[in-house]
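This is the structure, below, for whatever I ask next.
Note that the chains take the letters A, B, C and D in the order they are written out, and that residue 1 is the start of every chain.
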Amino acid sequence: MGSRKHAQISPSPVPVALLIVDVITTFGFPDGDEILRQALLMRDTLVKFKARARQIGIPVLYVNDNFGDWRSEKEILMGRCLEAKGGEFVRPLMPDSDDYFILKPMHSAFYMTPLEVLLRHLKIDALILTGLTSNSCLTVTAHDANMRGLNIYVPRDCSCARNFEEHSQALNQLGKMAGVNTTPSTSLKLPNLVRKAQRS
Amino acid sequence: MGSRKHAQISPSPVPVALLIVDVITTFGFPDGDEILRQALLMRDTLVKFKARARQIGIPVLYVNDNFGDWRSEKEILMGRCLEAKGGEFVRPLMPDSDDYFILKPMHSAFYMTPLEVLLRHLKIDALILTGLTSNSCLTVTAHDANMRGLNIYVPRDCSCARNFEEHSQALNQLGKMAGVNTTPSTSLKLPNLVRKAQRS
Amino acid sequence: MGSRKHAQISPSPVPVALLIVDVITTFGFPDGDEILRQALLMRDTLVKFKARARQIGIPVLYVNDNFGDWRSEKEILMGRCLEAKGGEFVRPLMPDSDDYFILKPMHSAFYMTPLEVLLRHLKIDALILTGLTSNSCLTVTAHDANMRGLNIYVPRDCSCARNFEEHSQALNQLGKMAGVNTTPSTSLKLPNLVRKAQRS
Amino acid sequence: MGSRKHAQISPSPVPVALLIVDVITTFGFPDGDEILRQALLMRDTLVKFKARARQIGIPVLYVNDNFGDWRSEKEILMGRCLEAKGGEFVRPLMPDSDDYFILKPMHSAFYMTPLEVLLRHLKIDALILTGLTSNSCLTVTAHDANMRGLNIYVPRDCSCARNFEEHSQALNQLGKMAGVNTTPSTSLKLPNLVRKAQRS
């Protein structure tokens, strides 16, 4: 097409985005049961945190594994996940109609996805990473965000791994090696976080 | 998630893919009317060519502008385009249920999309580029395919620009600068093209 | 390594960069003689333009084909080019000691190079593209810059192709399809261009 | 330039490459002393392993932080590192004249570098990662290699971190999450590893 102007969107009201990674899932993979058990423990915390973020205008971006679905059938993917064994986890975390939704083919939310273009249009400087799992997709995504100069938060009560030890090790490593802030969501003051991003 | 094995797909039966670029559109942009007029002239040729490709097992990949739709609502995008002024162009070119469908945020089919991962899984060596428009998205995509070492075909009767002169200049330039084969689809012997790709 | 802070550089005094593409060359490729003839015609204009840019603080970035030299031997590459048939073209265009120098493996200055990181550190909003050749590497680079949201200038007297017609067609196409400003360098008022970039 | 054919190189005799990451360094960063101490403990093992790899035709690729040097002055970078406090580590690990040398601007050896193009030309299927440090650049590089479908080895006696515990945690995590083989170099049978890559 000629001009890409029609594809442009306005900057976000605040330069912070909430990423929710891989929560639309059937848990139908090795270790799926272990991860589901941990995921259910943090589900309500993540639901509440998402609500707080939306309330102050932080855009919510779902970035989700396409599970080999190369036909971009978002609704079919969601339907399948609601009916699978993790339905009680998935249901309260379904995207709202104005949340963004991006499919990713591999682990990182940045690798071969339009995430970077969307963040550029929204003029985002800080990312809050949540979802599944801390020692795999969130770790790779955090490193990729770090190389792109973004400030990164991974609240330790809004993601999980197969067990608490792996989760804890992953967060400690991200804190030390990628400058990630791992304060739990219940202690994060979102308006302060936003002001800090606005000044940077 | 842990393993990405579940996201893998089998190699394509043939190492050639047909890309159909930006045909799902409302034509609601500057020069949209001019492009629609040219697009209608080549529509039936493209429809027939797609049918021939499918018949010998060439996978069909739609790579389409997301038109600022960052929520991956493929069905909504399609519905809107069917009802817009270019509906008669869009209808016979709608994706079949087993065609792949990838949203792109910018001009190139490669830029910030999973196309390269999909081509790698399918083990594709040659790309046939068709759709809209030859001197914009197809040109950028052809250069990107060239840098990735793929053999490229842009049959000159399966794409268009705002007018014949611009279309013709674009194809000549691609032939000279990116090693693109611009033989019209009606002269392309697909089984030969496939055999050539299999040997390479 | 631990922190990447040591790799950071300060923003450029002005948000505009001058790219000089592929001028360090032996011209030892098909059509090399034709391109050298055209290159010599614009050499002095480019040399003067570079001097004007440096004078007002515009950083100069050489982005150059590595010619299959995967050992980053910049000095060896330069020496070889000075002694080859295009030496009289290359000599006055050798990088100054504070110019940046990036090797590229393929056509685009962006593809698999650190250019984007460098532009981000320098806080560049507008690119001026010069060098060899307008209908190949400059075309691909301009499209890539366009997709990254940069404003682009390709002064028509500071690059060339194999002949005037191909050069002229390439610039017209860039003007129409990628929003490129092709005003000749002799008419470009650099301080105005800088002010415009500072406001954007 | 016109054709990129001149930039092509022949496939490697074996589809395996040895990456040596960030060993050309001044250790002049936070924790540099700690890392140097660990690096000296594994230096001789890495030197011997590199010799074994070269002997059976495995290409050696140095991928090294540019330390903010955007002028590609490889020799200057090396000279500075030889004279700094880690000189005794750097000297026996200097690149041989036929080793490849790639500068990287950030943590990952893949991010904004030509590494992927080079691996494609060499037709590499498996990567052996060594150097500094296991829980930072090697971790990010391993994840990036994993997303590109490469088989990955990180022999645990050919890299290090600030201390043994961090090193050990990083390798365990890579083994579990990115399918990395962490067998020590002294137990790795390189001819077997090569045969396995040739069959894949």
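Simple rule for what comes next: contacts are C-beta pairs under 8 Å (C-beta built on N, C-alpha and C of every residue); 3 or more make two chains touch, one makes a residue touch a chain.
For clarity, every value in this text was computed on a predicted model and none was experimentally measured.
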Exercise. If you average the Cα atoms per chain, which one ends up farthest from chain B?
Worked result: D
Exercise. More C-beta contacts across C-D or across B-C?
Worked result: C-D
Exercise. How many angstrom lie between the CA centroids of chain A and chain C, rounded to a whole number?
Worked result: 38
Exercise. Approximately how many whole Å separate the CA-defined centres of chain B and chain C?
Worked result: 31
Exercise. Multi-chain contacts in chain A: which residues touch at least two other chains?
Worked result: 2-4, 106-107, 136, 146-147, 177
Problem set entry | Contact footprint of chain B on chain A as seen in their complex | 1-9, 22, 25, 28-31, 35, 65-68, 70-75, 95, 97, 99-107, 112-118, 132-133, 136-137, 162
Seminar exercise, completed: chain C residues touching chain B in their complex are 106-108, 111, 135-136, 139-140, 143-144, 146-147, 166, 169-170, 173, 176-177
